[in-house]
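This is the structure I want to talk about, given as structure tokens.
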Amino acid sequence: MSTEVKLTCITCPVGCALTVRLDDAGETTVTGNKCPRGAVYGTKEVTNPTRVVTSTVRVAGGTDQVVSVKTATDIPKGKITDCMRALEQVEVQLPVHIGDIIVENIADTGVDIVATRSLR
Amino acid sequence: MSRRREDIVIIGGGPAGLAAALAAREAGIRKVLILERDKELGGILNQCIHNGFGLHTFKEELTGPEYAEKYIQMVLEQQIPYMTNAMVTGIEVLENNDKCVTAMNKEDRLVEITAKAVILAMGCRERPRGALNIPGTRPAGIYSAGTAQYYVNMEGRMPGKEVVILGSGDIGLIMARRMVLEGAKVHCVAELRPYSGGLKRNIVQCLEDFDIPLYLSTTVSEIHGKERVEAVTLTRVDEHGVPISGSEWRVPCDTLLLSCGLIPENELTIGLGAQMDAKTGGPVVSEHLECSVPGVFACGNVLHVHELVDHVSAEAEKAGRFASEYVLASESKTCKSEVADASERREEGWE
Amino acid sequence: MKQYDVIVIGAGVIGCAIARELSRRERRIAVLERASDICEGTSKANSGIVHAGHDAMPGTMKARMNVLGNARMETLSKELDFPFRRNGSLVIMFEQEDILKLEELKARGEANGVQGLELLTPRQVWEREPNISREIAGALYAPTGGIVCTFGLTIALAENAVVNGVDFFLNHEVTEIIPPAKGAGSIAIGGYRVTAAGTQFEAPVVINAAGVCADLIHNMVSERKIKIVPRRGEYRLMDKNSGSMVDSTIFQLPSRLGKGILVTPTVHGNLLVGPTAEDIPDKEDVATTAEGVRKVMEMGAKSVPNLDGRQTITSFAGLRAHLVTEESKGSDFLIEEVADAKGFFDVAGIESPGLTAAPAIGEYVAELVNRAYPAPEKADFVSVRKGIPSMANATDEQRRILISKNPSYANVICRCELVTEGEIVEAIHRPLGATTLDGVKRRTRAGMGRCQSGFCSPKVVDILARELDVDKSVITKNGTYKGNQNSNILTGYTKGWQPKGEDNGKDVLKSSEKEVDYE
């Protein structure tokens, strides 16, 4: 027995309609993808769906400034809420440089939060 | 009033303006000036903190600020001068076909810049509530999605707690996710048309991931609330977009975000007398991206609204190159005619 | 108890005009306004027309005040520096058989003292106004018709009143009026005691200029009850690129329900189409309706067929204060000392042509009060007021001078209407300065343009917060005057973050103090 899942690939703006077949042995085959990244996405989405999370962190000192950040790579979907909660109390000191690690290993995902812009 | 002379003035320091400036410099134009009305370069990319930019241009997935920063770094490396907080109030065509651009900001005050060519890269704006003619009250709590995006992503402030979004353009979808992640409840996204105007992947990762319903063929038929939005009435529409009576339902909320289309921002272009294209909302341009006014080029969302910033950058590079060709050609013409003048004079024995 | 010589209830154009005229004499005057700003009721949502004066029946208050107000407007616009233009008006008719009605209108206007009225053939109309419908059968031309900035006029009157010593109390809704006690021989002891926002005021003279609520105020003191029905009118405001479709104000021959739909340029170069006329029960219901905005477009296109609905930048509705009387003929302005309430003056039922009439009503009411309650002329009355400089309307040379005096006049905040930081800061710090987004908008036009504040509102919020020294969380669209509901722009921080320390609480307090602190 194998199961079939239909997905829209979110890797790029093309948005390919994927069909992911999961067989008894846990092996997946992806069809409908126009590029190899679609296959990777399709497999991940049915086994361990992940997302890149983007948000902001507050600049220390009570100003209205925030610095945009992201998870350096995708994290498990189930960890998004924990990730956001962990960012709640984070404050950064200026200057911030693009790519700076703001939080290491956010919500125990093994993934760092990095700045996506520079701010002086 | 201070005066400057440039070869090319670029109006707008967003993705289009930055790419055009770099291309012009690469084509050998020394005197390029970028005029940016915001306090920093980068344009709307600065507030688009989500990822998904740059797959074509940089072969990697970047956030808006990261994409902008790459271009800003190149502009700084090339030492291309720019003015920020600088609003252009008018462009005039001089007798010799040069352009005179009037701009102002606090530091430089009133500035008149004469240039051989101008590249229009002012971008676009969102269609406001008034243009949509949504009946009802006019309380606080109605924002275009981009304005809400500015408050959330640039200032860390929330424009509302209980949100309904009208229009499923990409900014609306992106903001649905942003509002939820930052602590608001998004009740639904309503779309007048029978299909979404946004990218499929945004429907997946911004709506489906967060169980936000998308109602197609649905619109807001009334806004309620005196001081702040208290609710909206949603209504199904028929194939002509006309509300179906009896299909209304009321959704309590304190915020209505509008993502109902973008309009190229062409007040300067129209002021110049350039011929406009009613379909795109941008100027009519030649294959060289030149408007009906010679020496004035346009690129990016001011020309027509693009789906991807990567396409804007590519188009702007072309505009930068074409504007450079125009400048170089007019220079050689001037040189030639000067030479010709000189030879005539010699022939006539003036020297 | 705050003691005054005169209390004016309502800070619309009528209340402000009266307060200014009364301030020519030595007296203490208070204006009580329920909203957070002046010009928040009927005065902020109307046609902005200075009517020539041919509509009202000869001998009525409406006719008299209209023609006099029209005559005063130009001088006043120079004295107080607000936008006014005498663009002329046309009443167009579509059926030749209506010529009798048009002639009647002309005769009526002449009886009212309107100068220069002229019947035009369709050809003459088209020469003047090429975009007018080919279906017309003729028109009545009134060269004295004009247009005015309704905010500009009201704000100018109010600012000038403040300069001449009038105290404005905003966010002060009147909840109770106790008439003077009667002593021996029915002689009044003390004045009217007026409660507003929990504060007691007392004055021997009260002027009721409460617009659609004037009946509620009147009925607090008089046994002879009056009733005012809000008559809602919906409008569409079109982009400036449609502003020159007509130069004059184009009326359609009036019908029983009002003046029909008009199409007019505004003093700022937009095009305004409207209003509908619908009697409604709710005195605060300024919601637009799908039916209304459609009707506006349909009927407007009868006059100007090329009207493009897609150029609409906003639609809005306003309420006219329609006084219901027993006579079926249509009501007149009610401007008089109330028979059973000596010292209490009604200025009620001020519907169209109320805006035009405002300067004349101000003078007339001041005369009534001066006669019964004389006071010496003020030697140092200031009759002139200068408005906020407008970068949008300034010449290059004027711009240069403004910027050289204050560089923040070079910092453009509203790109659609070219409004600068300098103008907004000034709007906040003038007498009765702006404290809300709408307040800034009405004083400077920031946010009034085609993007309808999409780009500039965060910047205006910043400037308001900075200049009022409050956190921007307390900045509102149009105040908090109705109890717990409020019009805040922002609802908190991202991620539910809360500012640490006592800063925030202090700021909120400061702002609420500021909102009432106009004495």
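Which chain is which? They are A, B and C, in the order written, and residues in each are numbered from 1.
Criterion: contacts are C-beta pairs under 8 Å (C-beta built on N, C-alpha and C of every residue); 3 or more make two chains touch, one makes a residue touch a chain.
As the structure is a prediction and not an experimental result, all values here were calculated from the model.
Asks: Determine which of the two chain pairs, A-C or B-C, is joined by the larger number of C-beta pairs in contact.
Replies: Spelling it out, more C-beta pairs touch across B-C than across the other pair.
Asks: Name the chain whose C-alpha centroid is most distant from the C-alpha centroid of chain B.
Replies: Farthest chain from chain B, going by C-alpha centroids: C.
Asks: How far is the middle of chain A from the middle of chain B, if each middle is the mean of its Cα atoms, in Å?
Replies: It comes to 27 Å between the two C-alpha centres.
Asks: Centroid from C-alpha atoms only, then distance chain A to chain C, rounded to Å. What do you get?
Replies: The mean C-alpha positions of chain A and chain C differ by 54 Å.
Asks: Nearest whole angstrom, what separates the Cα centre of chain B from the Cα centre of chain C?
Replies: Inter-chain centre distance comes to 36 Å.
Asks: Chain B: which residues touch two or more other chains?
Replies: In chain B, 152, 154-157, 182 touch at least two other chains.
Asks: For chain C, what residues touch not just one other chain but two or more?
Replies: 472, 494-497
Asks: What parts of chain A, by residue number, touch at least two of the other chains?
Replies: Within chain A, residues 55-56, 58, 64, 66, 84 contact more than one other chain.
Asks: Which part of chain C faces chain A closely enough to touch in the complex?
Replies: Residues in contact with chain A: 472, 494-497, 499-501, 503.
Asks: Which residues of chain B touch chain C in the complex?
Replies: 1, 37, 85, 87, 89, 102, 104-110, 125-126, 128-131, 133, 135-140, 143-144, 146-147, 150-152, 154-161, 182-183, 221-228, 230, 243, 254-255, 267, 270
Asks: So in the complex, which bits of chain A are touching chain C?
Replies: Its residues touching chain C are 55-56, 58, 62, 64, 66, 84, 87-88.
Asks: Help me check something: in the complex, which residues belonging to chain A touch chain B?
Replies: 7-13, 15, 51-56, 58, 64-66, 68, 70, 77, 80, 84, 98, 116-118
Asks: If you look only at chain B, which of its residues touch chain A in the complex?
Replies: My answer: residues 46, 49-52, 55, 61, 63, 65-66, 68-69, 152-157, 181-182, 199-201, 203-205, 209, 307-308.
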